[in-house]
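Order of writing sets the labels: A, B, C and D. Residues in every chain begin at 1.
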Amino acid sequence: MNTFGQLFRVTTFGESHGPAIGCVVDGCPPGIAIAPEDFRHDLDRRATGKSRHTSARHEADEVEILSGVYEGVSTGTPIALLVRNVDARSKDYAQIAEQFRPGHADYTYWHKYGIRDPRGGGRASARETTMRVAAGVIAKKWLAEKHGVRVQGYLAQIGEVVPHGYDLSVVEDNPFFWPDAAQVPALESYMDALRKSGDSVGARVDVVADGVPPGWGEPVYGKLDGELAAALMSINAVKGVEIGDGFAVVAQKGSEHRDHIAPDGFASNHAGGILGGISSGQQLRCSVAFKPTSSLRLPVDSLDIHGNTVEVVTTGRHDPCVGIRATPICEAMVALVLIDQALRHRAQCGDVGTVSPRVPSVAVEAGSELEPQAGGKR
Amino acid sequence: MNTFGQLFRVTTFGESHGPAIGCVVDGCPPGIAIAPEDFRHDLDRRATGKSRHTSARHEADEVEILSGVYEGVSTGTPIALLVRNVDARSKDYAQIAEQFRPGHADYTYWHKYGIRDPRGGGRASARETTMRVAAGVIAKKWLAEKHGVRVQGYLAQIGEVVPHGYDLSVVEDNPFFWPDAAQVPALESYMDALRKSGDSVGARVDVVADGVPPGWGEPVYGKLDGELAAALMSINAVKGVEIGDGFAVVAQKGSEHRDHIAPDGFASNHAGGILGGISSGQQLRCSVAFKPTSSLRLPVDSLDIHGNTVEVVTTGRHDPCVGIRATPICEAMVALVLIDQALRHRAQCGDVGTVSPRVPSVAVEAGSELEPQAGGKR
Amino acid sequence: MNTFGQLFRVTTFGESHGPAIGCVVDGCPPGIAIAPEDFRHDLDRRATGKSRHTSARHEADEVEILSGVYEGVSTGTPIALLVRNVDARSKDYAQIAEQFRPGHADYTYWHKYGIRDPRGGGRASARETTMRVAAGVIAKKWLAEKHGVRVQGYLAQIGEVVPHGYDLSVVEDNPFFWPDAAQVPALESYMDALRKSGDSVGARVDVVADGVPPGWGEPVYGKLDGELAAALMSINAVKGVEIGDGFAVVAQKGSEHRDHIAPDGFASNHAGGILGGISSGQQLRCSVAFKPTSSLRLPVDSLDIHGNTVEVVTTGRHDPCVGIRATPICEAMVALVLIDQALRHRAQCGDVGTVSPRVPSVAVEAGSELEPQAGGKR
Amino acid sequence: MNTFGQLFRVTTFGESHGPAIGCVVDGCPPGIAIAPEDFRHDLDRRATGKSRHTSARHEADEVEILSGVYEGVSTGTPIALLVRNVDARSKDYAQIAEQFRPGHADYTYWHKYGIRDPRGGGRASARETTMRVAAGVIAKKWLAEKHGVRVQGYLAQIGEVVPHGYDLSVVEDNPFFWPDAAQVPALESYMDALRKSGDSVGARVDVVADGVPPGWGEPVYGKLDGELAAALMSINAVKGVEIGDGFAVVAQKGSEHRDHIAPDGFASNHAGGILGGISSGQQLRCSVAFKPTSSLRLPVDSLDIHGNTVEVVTTGRHDPCVGIRATPICEAMVALVLIDQALRHRAQCGDVGTVSPRVPSVAVEAGSELEPQAGGKR
């Protein structure tokens, strides 16, 4: 389905080259100030055409608020957001309308539905994620205002390149969301060479969330980590999700992995802020693997819908590394999971505080709020 | 919540040391032959006490069918399954009732609910997964009978040890679900030493599914891979999930990753059988990272619910590597996702075949059905 | 929430005097021809301003299809429909922005959300039902094409006036959806007098559906009648719902109520086409009670948000009998329930036909397809 | 599906003559004292065999709590309740295994599933409602303790007999839940004669809820009245549901129906405590129509599954008026809707009180709390 969330529900619609994309945000708490300009910052971070390292398609992404906001404040009724598609060059795609591009959803949509909109990938285009980012803006606002939660993503790997250091204060100052400013010129060269080669490359995005209180999440099938995994894996091109130390736990010993609890807080954060599916009050940490886009100028053999062999060459405008612009999308999905779990927690346990006043307050480890473990986690 | 699935819905209940655990399977198609003995094989694979490498707790896990089956056949009404807890030694846990065991859900349950059942981990115990396996048995049966789908898991890493070869025909013949028979004696020694040390270790489980037809999955928030990620991440102790090449895609080029389509089928399977959230007809491949259990005889500092520092020593019966027994659990979760998506696909697109008879039939690559990529995928 | 349905899901948004109203139809089967002009007929039936007996507000209700349709055919992705509000005279409502109009949702919205959009009733306006009708058009199309199902509503009572006869062929020929043409002039006079008096009146709407095959519905909480009741009661101003003989069953004997089954079909239809929550193949019959609108020119005492006593006079444009225009809305809700249940039935039981070929075919009773029981049912 | 509710979710299972019936209550707030004996009172009110006016089947209905309660208090994890079937005489039903009893779900189950459990009606038996009542006990407890809400049902009509007066204090003192003690002897005679005749009769049940605060309910598809309608219509044998004045509104004028708001509260309660789908703080009032049971000793023509004509005579033990025992079932369903809406309201609007402290407090009308409108509402 095209709805995300249980109580804070986001329904998106729209194809890459259709007249518009949009979403309906249902279940939003009343009383949040929301204006069209609130969406600008994150939509710009996600937008193409901002640097030569992303697709050249330029969309203004002007958000129109159609409902749910009265005199600048959310009323509790569904908030509909609309963005018109402007720079859609459908002729680019005419030649591939009947081809199955390798690595794309063409083949599977065709088998599932018996029909597909081939223009720009139709519904399978990452353009859909524009509305995830827009909905995420509302979620981030509420999380920050109500709970002081801050969600921050950054790029943790491009191809074989990993950061030499992790300074999240520089992430917004370069086109790669890269946490080491000194590496940025080298990355620019790397990407220029990649683009010239006509090839693409994968990436890893990390997202951290600070300020999440203990208690969010549900312990079995609605686990906080389970829903984060679903949310992040639902982003186009994602092939892996990790919480905390992720796959590194395979080679760890229990004595090494378990995070000691001292009177002044947890001594480490291998768990990534989640125990038994419920937030522990520590920093939430997750990682996402993005595959390299399959839309390349380099020709490749494939089939068309009639079973004929064809050579596919994609001449549209594409990102050589889709993981870069995915950073705000990952943040949005984390924020959407958090607000939904926060509301669900309030529903079932809204008065637990009065039941157990003895619950100790555990401090987040000093100095590590926005920094990965010393030495890198991998 | 404690319900999994949209149309084939499994609701589980029960605590580790309560009177019983059970589940309700709702939405099951009518006409499937189901008998209590059908559950034996997979429950035995998941059970403790079968070898010295798993917890010594012994549960017969006798399944009672309470409803939904008439004269040995499912009727379409909810199937309730019940397993009484027998070998629950709650006194083992008396000393830790007020302690927060590091790496466990004690702390987070306490903060969420203000109360918790400390006996054997209560609801957070992996005992809950018994019912996932039981429900998975029904799902596997329907998938096999209706679609010829076969789901198979195996252990792909314990600590630093990886298989030297992948022969899935030997997986059921050793207590580790290990795909290389020659390594089993060494693994036994490894586990004996680990158990003696009082420590635990992580593991990686791979699951493959063969015979999945193209078209299962929903393209945006109900993606097949997104739901697999949620399903697998919802298993106790899981910290990472991969589809296809998983995190290896970060370092791949697009020209390398995209799977060419030839007239006789796909030339490779980096995607793991899913494109755009929908099955492609290739082998489904996923990997899961299990953390080392935190229940160790080795003492560790922590707090109790009053904020006092305590030294925690866990003397109950625990697995030194929870990943081993997790293999059938992972299979069950994959099967539950598949049957649910199969039913959802039939709901929306049950007549698509008649609409587009031209859809080409693509063969799964020869010789690779139950074998990972040559040379290992990582 | 603002989403209706499990598999055929309709999410609506928009306020009476906001910039637009719209909906997202998710889960629609692919392959249905859909064009903007398809919505014209039913939207016109629902529209105000068509006769002097409804509100004078005039909305063109031009539907824009934003997504989910490619080259005139549904693709299986979400269909977004948008209607701009044109004739919204918000100044009409300025004086009542802080008043609680008796019989309206002003008071309850205020208590629930602490804020409300007072313009034209905001989200509580029946303008929202425009999108129900639009979504219902798609449902009706699929039901008719796939299953030959036809859904027809008519007015069965206005105030104390009941039809003298039931000829459904005349229903579309008068502004009251009235099944007895001879009474129409008297009804016109009745309504003229009512409008002059400044008062309003209630109404009863009947809806029948022919061609529903046996087997749709779920037997416990997803009963076909239960979902019809929820669907119809969710329409603005509805205070009662009946299936089949409805409240008349209170005074019936069992020997009278139970519908005999003869080789050539059911001998009567007191049940209204539903047994045990599942359709029986007979004509589906339901009735809906609409209260008289509370928006009157006649003054009434009330409070404002500050607790002060105020005299409320509603000068906006309103229907003297909201039940009249509700006829197509009721039809739409019935159609939405039916398509949703049809898809759910196909999901779980899509292959039952092959299991039990012996199921007898039972004919619907002769001559009664579109006629209530002789003598009227009450 | 067999799950009721969004956040307070009840999943029931079990057939009339299977080994057991049960339910899983998920999403229950932690901290509620729950003991097996808590279920006794309402289960006894629903039970058969308590007077000669109900079925002679005798079930002890001993509730076993399988999970979710630790040391007598709910923990927030799923509460599973189990009741073994004891007095199931399946031989009573052997003769009708292949017959379609008129007025029963036999025919529709057969068409839907191609298979059915004929023993005692299987899943379609009202025995399922035992677990609704059990789950309702938990809901009532929470509603009473947290919000002071009290839910009370009574019989408002049997056949043509209506109460002469409404004194709810006598309802629990007679086997008919009848609000006029003086009429009880006459009712006993009426029922004796009915039973002897072999026939059955319909009934109307009213339910009122006091203490519901303003603000519960969701304004469009999750309307409080819409969910009450679905909940009540989902009870076996229900054919109609009314809120407030119900079908009487059809003949009302708007000036008569709208409830004035005075400084000391509402002047009347035609709306039944709900405006725009949201509770107003007034008494909640609903009515339910129960059809006469179709299980009669009087023979009737029908078909069997092979299409042969058969004469059906039901010799099992049945209620001559199923509406009588339905009173606690109706109460339970109302309570389940209320707790679910209460939790959903807390999720979205849990902090609205602090946003709008100016909301006026409106008193419930004096003297009418547990009494219908003077003169009766119909």
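The rule is simple: contacts are C-beta pairs under 8 Å (C-beta built on N, C-alpha and C of every residue); 3 or more make two chains touch, one makes a residue touch a chain.
Only a predicted model underlies this, so the values are computations on that prediction, with no experimental measurement involved.
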item	value
Third chains touching both chain D and chain C	A, B
Chain pair with the higher count of C-beta pairs in contact (B-D, B-C)	B-D
Separation of chain B from chain C, taking each centre as the mean of its C-alpha atoms, in whole Å	45
Between chain D and chain B, distance of the C-alpha-averaged centres to the nearest whole Å	40
Contacts with 2+ other chains: residues of chain C	1-3, 12, 27, 30-31, 76-77, 112-115, 123, 219, 349, 352, 355
Residue ranges of chain A in contact with chain B within the complex	1-4, 12, 100, 102-105, 107-115, 123-124, 128, 157-160, 199-204, 213-223, 225-234, 236, 238-247, 249-263, 270-272, 274-281, 289-296, 298, 300-303, 305-307, 309, 323, 345, 349, 352-353, 355-356, 358-360, 362
Interface residues, chain A side, partner chain C - complex	1-3, 9, 11-15, 18-22, 24, 26-27, 30-31, 64, 66-68, 70, 73, 75-80, 82, 112-117, 122-123
Complex interface listing, chain D residues touching chain A	7, 27-31, 76-77, 146, 219, 343-344, 346-352, 355
